[in-house]
Amino acid sequence: MNIGIIGLGKMGYNLALNLKDHNHEVTAFDKDLDAVERIKGEGITGVASIEELVQNLPKPRVVWLMVPAGNITEMVIEEASKSLEAGDILIDGGNSNYKDSVRRAEQLAEKGIYFFDCGTSGGTEGARHGVCIMIGGDAEVFKSIEPFFKDIAVENGYLYSGKSGSGHFLKMVHNGIEYGMMQAIAEGFEILDKSQFDYDYEKVAKVWNNGSVIRSWLMELIENAFSKDANLSGLKGVMHSSGEGKWTVETALDLQAAAPVITMSLLMRYRSLEEDTFSGKVVAALRNEFGGHAVEKN
Amino acid sequence: MNIGIIGLGKMGYNLALNLKDHNHEVTAFDKDLDAVERIKGEGITGVASIEELVQNLPKPRVVWLMVPAGNITEMVIEEASKSLEAGDILIDGGNSNYKDSVRRAEQLAEKGIYFFDCGTSGGTEGARHGVCIMIGGDAEVFKSIEPFFKDIAVENGYLYSGKSGSGHFLKMVHNGIEYGMMQAIAEGFEILDKSQFDYDYEKVAKVWNNGSVIRSWLMELIENAFSKDANLSGLKGVMHSSGEGKWTVETALDLQAAAPVITMSLLMRYRSLEEDTFSGKVVAALRNEFGGHAVEKN
Amino acid sequence: MNIGIIGLGKMGYNLALNLKDHNHEVTAFDKDLDAVERIKGEGITGVASIEELVQNLPKPRVVWLMVPAGNITEMVIEEASKSLEAGDILIDGGNSNYKDSVRRAEQLAEKGIYFFDCGTSGGTEGARHGVCIMIGGDAEVFKSIEPFFKDIAVENGYLYSGKSGSGHFLKMVHNGIEYGMMQAIAEGFEILDKSQFDYDYEKVAKVWNNGSVIRSWLMELIENAFSKDANLSGLKGVMHSSGEGKWTVETALDLQAAAPVITMSLLMRYRSLEEDTFSGKVVAALRNEFGGHAVEKN
Amino acid sequence: MNIGIIGLGKMGYNLALNLKDHNHEVTAFDKDLDAVERIKGEGITGVASIEELVQNLPKPRVVWLMVPAGNITEMVIEEASKSLEAGDILIDGGNSNYKDSVRRAEQLAEKGIYFFDCGTSGGTEGARHGVCIMIGGDAEVFKSIEPFFKDIAVENGYLYSGKSGSGHFLKMVHNGIEYGMMQAIAEGFEILDKSQFDYDYEKVAKVWNNGSVIRSWLMELIENAFSKDANLSGLKGVMHSSGEGKWTVETALDLQAAAPVITMSLLMRYRSLEEDTFSGKVVAALRNEFGGHAVEKN
């Protein structure tokens, strides 16, 4: 089957190769023409513009976006929709906010274009050899593109999740759970680290990965990390975040769903960005005021 | 090799069978003599008292306790230590508090008895067919009993974790992480449940178990639970706890380790035990006092 | 001085009387003409439309809005701005979101109208006899309306807080702190309530209000509430919220400020709205799956 | 009336003067004999030993301890109880754990000595000029010492709270609430500090202290702190704690009372003691493993 890929970053590039491995005819574009040249060397058709990509595909066309969420996705969809025609299919495989996806599906539907929002998990390795993917959009039209998902996903690794927005929503919540799981694991190791015992963290992660209740891919990953740096002494504990955890928390607030664990995971990330806090100064000042407790000076 | 098992509850009974499967000579006792009779039917030697169990074993003896933590473990250890002699080995495979294990190891060492604290994970199925086990105690003596652990554990599923107390400490922290992971997963599904979308939770858990970052045994278990009751409509959301989560939180406090996710997991369990709260009434009363906000009457 | 009041709810009505007590000429309008009639009986000029209210005032006019935040404020500002002219002053005394206030100030500035965002605290009693008020807007023009604020506030109870938006922002954060303080007090009484002791909560609140570190107006209010219902047995612990706590949490997230206490106060309010939770069911189901722990049936 | 004071630290010294101001005959002892000499200069009888202090008092004796909680209180009570006789009264005005107070009351009751546990709030200034005090112990005997409490407390600032332990329990919970209130205030100012606005924090605290819902002594104290250091730039935000917050959290756990705000207040204090965290490193390592997200190196 024919498919166009817009965006040849780490994810999109690997996805294109993954599709090609499954005998799909892939046409690829990126504004970085070097990436286009590179992928041509892999036997994939590279083109110089979104318009050319669209023209190169048989109708009804299937175009997959793998570009950064937000403004760039917005601009690329706007441009692609100029060339696309009624009956064509546009798939957003990026980490877009589900509210944007609901809106975009409605806007594109006015032109007869079918929009699918796909949350993709599994990292760059997954993109290359088998992703986990959650797809929202029209149920009937989905069947026509299902073979793509079946091919690029690991076994049982794709799900048509319902109407537009449901795919990105599901991926967002997935990331929220991921924040909570990661923080839970991290707190556990912090307690070990402060304890009276002298644990080998790689071995601890390893035993927990074999038969315990908390065995999980994240535990495997931390086992791997400890195998390379036994006490993570080379790292700073600064925990950045890329937005989906915050969306999950905001969504939970909107839905009045009490999600303290996911929320606290996010707040501890924010806390880790600072060496000192103004709130800490306020509490220290208050203790000094009422109790004469000594403060630490800057 | 010869081993005695005290305690034939779900865990101990399965463990005895597991050991027998690996060609160990098992002598078993439980104060419930029916359980003793039952296990005799499995080809295991059953005895009528702890004293008889000890006398039945060749020196140096290896005795494994699998009885409820707390007072019962205390009493059983006291009784067993009357019959045991210097050079014998006593293994506590239950969920004892690591502080008790540190103390017991010291007390038994005065009599020359070697004590090992073993945290066991994997549930009753694990006890039968392959556990995950973390063992604290004397490093040298451990080697003499290592074959038992190797046999009953899944591959790579046992770890000698260091001095006395370290096994139960590790199991305790494992359970703390488990609380956090479970609450993270639970909050994710709650957000899905309150959303505008209409998800099939079994399918969601299934896709997340195939290729996603959050794939884990707990996610497999919830997939299984959803397969039996699609919306868990038969259950109440009352979350009981059996003590190790609380110990983890208390230990984190003692170590001044900030573990908000594990802590909040525990607090939400306590909250779930109540239909209404006094704190809620206080806030409702305050809102009424200063803002004239309506209160809901009982 | 002359001033127009739009909105004669509990807050606006009392504010109008408060202003009149301080010898200001008040013209008042509400779409509920009964309220207009009622306030005429108090010696205040009542009018039948916003347009009439504006025409009735000498230039430069000062108009104070005291209407519900959101759409109604938006509509009333739109209508008032049709009659107002360059140099006139519009004050929003409601609980508007500060982002709306920033936008409105810019939009009205294009017409030469000065906009002030005023966060008002102190409840209806405060509106009548002395408010606490935080005002954002043009620093120079503020001087011309300062006498109003000085008159209606308690001593030292008004603050020009800076550029547009700063008044409503300050009130929003005030409410966030209020959420945290209320929950802290509430948790304290819950611990007392579950304790082995038998406290008289009114007396406890009273002693804490006399000389202790936590003496506060909120503690006085709860003393008062306990004096009327010693154990709050007539109330349900359902904690509603009116939006500003949520805005504070969302703003903290946007600013990457870790505010766990204000955040958890909000989440416990959401939790109190439900008798049972889906997250609780998920955890109960998981415990049953791996440990065979009994679940409570619906 | 006659009273003996053991312990002339900041609190005990001021309390002795406070009692003397109200015409009580005070006999004072401290192991620091310089303090004893100093207080002699204030017209108070100083003695060189606990035994001498006890002998110096008419029967039934009233002895007030104001020494550090824990081992020192334990030792001093032990020594004092050697000299005290049946019918005498021992008051512990320090910050003892309520469980210790329950035990001590029972132990002293065996000798016929009446024990009272008094939680004292209000700081050193309060000790000198008017405390807030909560007293547990025998209800009948309390009447005989009530005049002391009435004299040293602010008006309505003392409460007989019930049986032994109830005084220290109440003080403990008071401190828990204090933690929550302080953190709520601190988070509010942190949000202001990170905002787009430019607030004068002293003025903000001042306006909030005049007519707002959150007016409180703690807000007055922070107003005072800001008046001395407008941005607290001289302070580090390290938040120490002296134990009663931790006891409150532990007690809440024992009572299965969900107290997330008090708990998180404590955890943020612990977090503030560290510049970097092991948990942060674990999360950073995990993000790097699955997403190739850059880590910050040490």
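Think of it as A, B, C and D in the order they're written, each chain with its own count starting at 1.
Operating definition for what follows: a residue touches a chain if its C-beta (ideal position, glycine included) is under 8 Å from a C-beta of that chain, and two chains touch if they have at least 3 such contacts.
Model, not experiment: these values are computed from the prediction.
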Self-check item: Chain whose Cα centroid lies at the greatest distance from that of subunit B
Solution: C
Self-check item: Angle, in degrees to the nearest 5, of the Cα rotation that carries subunit B onto subunit C
Solution: 180
Practice problem: State, to the nearest whole Å, the distance from the C-alpha centre of subunit B to the C-alpha centre of subunit C. | Solution: 49
Quiz item: Rounded to the nearest whole Å, what is the centre-to-centre distance of subunit A and subunit C, using the mean of the C-alpha atoms as each centre?
Solution: 39
Self-check item: Rounded Å distance, subunit A centre to subunit B centre (Cα mean)
Solution: 34
Quiz item: Which residues belonging to subunit B are in contact with no fewer than two other chains?
Solution: 123, 183, 185, 187, 190, 194, 213, 217-218, 256-260, 264, 267-268, 271, 277, 279, 290
Quiz item: Where on subunit B is subunit A touching in the complex?
Solution: 121-123, 126, 130-134, 136, 153-159, 161-163, 165-166, 169-170, 173-181, 183-185, 187-188, 190-192, 194-199, 203-204, 206-219, 248, 251-252, 255-262, 264-265, 267-268
Quiz item: In their shared complex, at which residues does subunit B touch subunit C?
Solution: 10, 123-124, 182-183, 185-187, 189-190, 193-194, 217-218, 221-222, 224-225, 229, 232-240, 242, 260, 264, 268-269, 271-272, 275-293, 295-298
Quiz prompt | Touch list for subunit D against partner subunit B, complex | solution = 213, 246, 249-250, 253, 256-260, 263-264, 266-268, 270-271, 273, 277, 279, 290
